[in-house]
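In what follows, a single structure is set out as structure tokens and then discussed.
Labels run A, B, C and D following the written order; every chain starts at residue 1.
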Amino acid sequence: MIRIGLIGLGYWGPNLARVLSQTSRCDFSACCDLDSQRLQKAARQYPGLQTFTNVDELLESDTIDAVVIATPICTHYDLAQGALLRGKHVFVEKPLADTSAKARELDQLALATGHTLMAGHTFVYSPPVVKIKELIAAGELGEISYLSFSRVNLGLYRKDVDVVWDLAVHDVSILLYWLDEFPIHACSFGRSCIQKAKRDVANLWFQFVSGPIAWCEVSWLSPQKMRRTCVVGSKRMVVYDDTEPSEKLKIYDRGVSMRQPENFGEFQLTYRLGDMVAPNLSNTEPLLIEIEHFIDCIETGATPRTNGNFGAEVVSAIEMATNLSWRVEEPSYLAS
Amino acid sequence: MIRIGLIGLGYWGPNLARVLSQTSRCDFSACCDLDSQRLQKAARQYPGLQTFTNVDELLESDTIDAVVIATPICTHYDLAQGALLRGKHVFVEKPLADTSAKARELDQLALATGHTLMAGHTFVYSPPVVKIKELIAAGELGEISYLSFSRVNLGLYRKDVDVVWDLAVHDVSILLYWLDEFPIHACSFGRSCIQKAKRDVANLWFQFVSGPIAWCEVSWLSPQKMRRTCVVGSKRMVVYDDTEPSEKLKIYDRGVSMRQPENFGEFQLTYRLGDMVAPNLSNTEPLLIEIEHFIDCIETGATPRTNGNFGAEVVSAIEMATNLSWRVEEPSYLAS
Amino acid sequence: MIRIGLIGLGYWGPNLARVLSQTSRCDFSACCDLDSQRLQKAARQYPGLQTFTNVDELLESDTIDAVVIATPICTHYDLAQGALLRGKHVFVEKPLADTSAKARELDQLALATGHTLMAGHTFVYSPPVVKIKELIAAGELGEISYLSFSRVNLGLYRKDVDVVWDLAVHDVSILLYWLDEFPIHACSFGRSCIQKAKRDVANLWFQFVSGPIAWCEVSWLSPQKMRRTCVVGSKRMVVYDDTEPSEKLKIYDRGVSMRQPENFGEFQLTYRLGDMVAPNLSNTEPLLIEIEHFIDCIETGATPRTNGNFGAEVVSAIEMATNLSWRVEEPSYLAS
Amino acid sequence: MIRIGLIGLGYWGPNLARVLSQTSRCDFSACCDLDSQRLQKAARQYPGLQTFTNVDELLESDTIDAVVIATPICTHYDLAQGALLRGKHVFVEKPLADTSAKARELDQLALATGHTLMAGHTFVYSPPVVKIKELIAAGELGEISYLSFSRVNLGLYRKDVDVVWDLAVHDVSILLYWLDEFPIHACSFGRSCIQKAKRDVANLWFQFVSGPIAWCEVSWLSPQKMRRTCVVGSKRMVVYDDTEPSEKLKIYDRGVSMRQPENFGEFQLTYRLGDMVAPNLSNTEPLLIEIEHFIDCIETGATPRTNGNFGAEVVSAIEMATNLSWRVEEPSYLAS
């Protein structure tokens, strides 16, 4: 059975620990964190767990086959590289790295070493997102016109990254998974309201050669929580609201089409208003599905759905959007 | 009593007719449309109404003091100019004109002739929008960080204009009313999904020198109707949802602030989570409030809240956003 | 074309007037009310309308074929009887009469005279209610287990009747239409909170021989408006929420069933969780459908869906529930 | 520190185990269940835990000061009695016992032995329920007119009890806590839809001498989950919706009052429509608050809010309602 070590017990790590211990598909055998109190707590919760405060010792250990990395983003590259070079399979929490160059390098290294590298884009494994992918792939939605994403709430401010690198990464991973295409244009707009030079609200735009456009609103500074995605196709339209306890996905048989004018005269628009269907979806936790997919890929040699290349594309798309940023941070005539 | 003539009985005109007949503050005395069937229907509904198919006859009539113009946007300028030059007070449905140059000219002409000119930005008269204006003006929200607008639904496609000139005009009028400031930067992004060269989905960005940023999502091609506006201030946050039958306005006593570090160490963020208040608001129809404001201004000589200058600024802001449009309509390498 | 006279221009009458003038299927030719101001307003709105303050004159008029009665409930019997005896077809707003004996008598009189008598149970003509009737009749829901109705809001207190006779009449008409069966048991529970001896909150229970039970909550004293009905069948479950702007009807492919134990041991319950479908429904106003059904029945001699017998059964069921009332209005030991 | 043993690791027990281990206020030292697999799992999760399959051994142990009982309802009496007689403090999951006679006996025994006995009515410790109690006690709602409870969902069918003893117990505990008064009248109505002789849907009515009435709808057979309670007072009205992620409590400044007629004429009703306030409430888990209250009471000798007497009153009120049951289970003429 695959023996897995977890690196990082901060905000997200404990969820990974829980899932690693929950599945019977792997042996959750080791854990590493700089904070010994956190380690002791984990050791109490998961008896038999080896604990490390020095990550190199964990990476060198020959009783571990794979690592799961849940540390601050700026450390992803070094840790993942170190693990791959020591022959481990590697799962890295999203985003894969803090630059696309580093993410590409990790992808190449994994290919060269023949080990599994997977980026932790959990939403790509969630049942509603997978269902929409299936609908798109089967042509059920027709041609995609546009996509709209809202991911806003009050907090939680992260220390290491801004709201785009924290929240928009989710939406970009979903977008690239659904469309299976890299944008030809992206830009962003936002503001650092509470802290200097750290955006807490932002809006991103993406354009795709095959037609679709997308926008994405993210915020740490919103009074109501929203997790709403709308996909509009020429045949059907979908609203995916992740804050709903059930009926997260609503598929509308609705649309507008142009009718040929009969003799002279104008083109006519006709509206189609059909039924709405909310398909029943599995309640399995996406994180569990994701971790079991990682284990499957290690065992079978299959390529993860969110492999190094996918992880690098997400980082590239975020870079593309943030490099073309349209907020004039300090108008020059104000500075004088 | 002010005698008012209505020009245009198409999509919106009948609502103005209803309100003009409903108020006891004016004499709804004449009506003009090119379609004589519509005129006959209006004559049956409002006995005593003079009807015209020739607008010049209505404008020349000395039994009319003021006109309300609800015709296609491209005709606003000519009709409003003609009415002002013949000594009438003029109410023009939004937007005031199809270019800011024409809108400015109308504003100047109204000032020169001393007649009342008012742009029909109905939302500026709706109780929730007025309440938020009061909260902002009284400093209850603190400094405004950002504003987010969603105004989407399925249809109704207009023949004369695109979705920005149809729907975003509402949000821009609300935005300028609230902030009382013209943006220093604006751009837009959108797509013509159903008809050629007529955007049916779009996103607009605005930046203001005093700090706030705003984005606005509009669509004629959305499966669910949304009329949601979020205003985030340093003291309070507001969500205004116009699709709610009651409790359209929710005021959240919430925020994030930075605490000085006590000795060494990092700045700390603290979250404030207080009560939410949904103030009781009048149910009076905004269109009625707006028309009675027009009559008041004629009678007292007061300047309308949405006067010619305001109407021109809305048109300018829309032009500013649409002139800087970030969708590459047809990538060159595809065209070859 | 059938010439119709409307009796009563109080709270509900103006809606009937609007619909009578809107349809091209009849000639809305006369109107009667004790209040001459209301009559004048109607005459202005509907040019050509004959007006009466004396109802007998209207009933005697030979230019009228049918009457629509929208007066206080205590007057329904006398007016409907007078109209039937003068050879008119009669539509009576719900409830048909204030006692089941009078309602039965009207039904008999209509049968004897051969004229159309219809009770104005509007909800029985609304698209969601009709759709549920179709689902039940086609066996799509399986056997009906129970039904739950909530019809609550703040106000509007009626002068002539209590909340049961005002609001629960709607639910009882829907219930009898769906099940096509008269209850074998009914009782009620309520309280007069604001006015003496006039219940403003109440709960009703109904039991049917074929199995189903139903309860119905009505209130004029509730902070939120609810119009929610739940129908649970052995195959499917339906929620009908009339406050929703769209998706008023949700059909759930859900249920619980008992599985035979394989060898020894307990019966096992299994849960079925399938898709939810919200069928697209017509937006036609139920009141218009209802009035056109009345005209159809007059023209063709067909029996109205809500004929005299149906109207009498609704009144009987309300009587059955209110006659067995379980609130001890004034405990005896308190009175001494 | 109080040493606590948990009896029962079935459906609910694991939640109690989690909370007992989470608080620093007690020593979660022992656990008992007939199923040794469950015990082993608990032992792994909570290192240091003593485990028992024989409950008498746990009760005899002198290393345990108090027990928490989460076993099938029919065993509550024997286990609680045994524990009290062996000098333990006792927490019993709701309901305290399966008859009011037994519940009274346990209450008397606890008083006689001087040990703490507490019934596990968790909702009585939840922040929204406590907030409403405070509003009522402070007179903020005025006189209570009526209360309406809906607690419905699909499943979870319990083996040992019907839906009234499972779900309505929650609402009755809340009702008695709020009103601090025992009903003078109660009855119920329901049906066994899936299994013989086990009600899965029911409606209960309660009347109180001081004026209020209440009804309560419970179901295991409903397509949508509802946890909605409405409290209507003469001054304010409250809606408490426990399915809302935030804003569970909404306080409406609304009402209807009767105005004295000025000279002759009728009493006039006036409607008051003021603001709605959703107070911010603590997110602390009620189960944790409840368990810490139990520990407090043991340490200080204070009487628990849900002491033996309260637990017995809840059982009595349920008995009162179920003893007067208005469904004719099998009409006689059908049986022949």
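To be clear about the criterion, contacts are C-beta pairs under 8 Å (C-beta built on N, C-alpha and C of every residue); 3 or more make two chains touch, one makes a residue touch a chain.
Just so it is clear, the model here is predicted, and its values are computed rather than measured.
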Compare the contact pairs of A-D with those of each option in A-C, B-C or A-B, and report the one where over half match by residue number.
B-C
So which has more C-beta pairs touching, B-D or B-C?
B-D
Between chain B and chain D, what distance separates the C-alpha centroids? Give it in angstrom.
52
Between chain B and chain C, what is the separation of their C-alpha centroids in Å?
41
What are the residues of chain A that contact at least two other chains?
273, 276
Can you name the residues of chain C that touch chain A in the complex?
247, 253, 273-280
Which stretch or stretches of chain B touch chain A in the complex?
145-146, 148, 152, 154-155, 157, 159, 184-185, 187, 189-191, 193-195, 201, 203, 205, 207, 209, 213, 215, 217, 219-224, 230, 232, 234, 237-239, 250, 252, 254, 256-258, 266-267, 269, 271, 273, 276, 326-328, 331, 334
Which part of chain B faces chain C closely enough to touch in the complex?
44-45, 47, 225, 243, 245-246
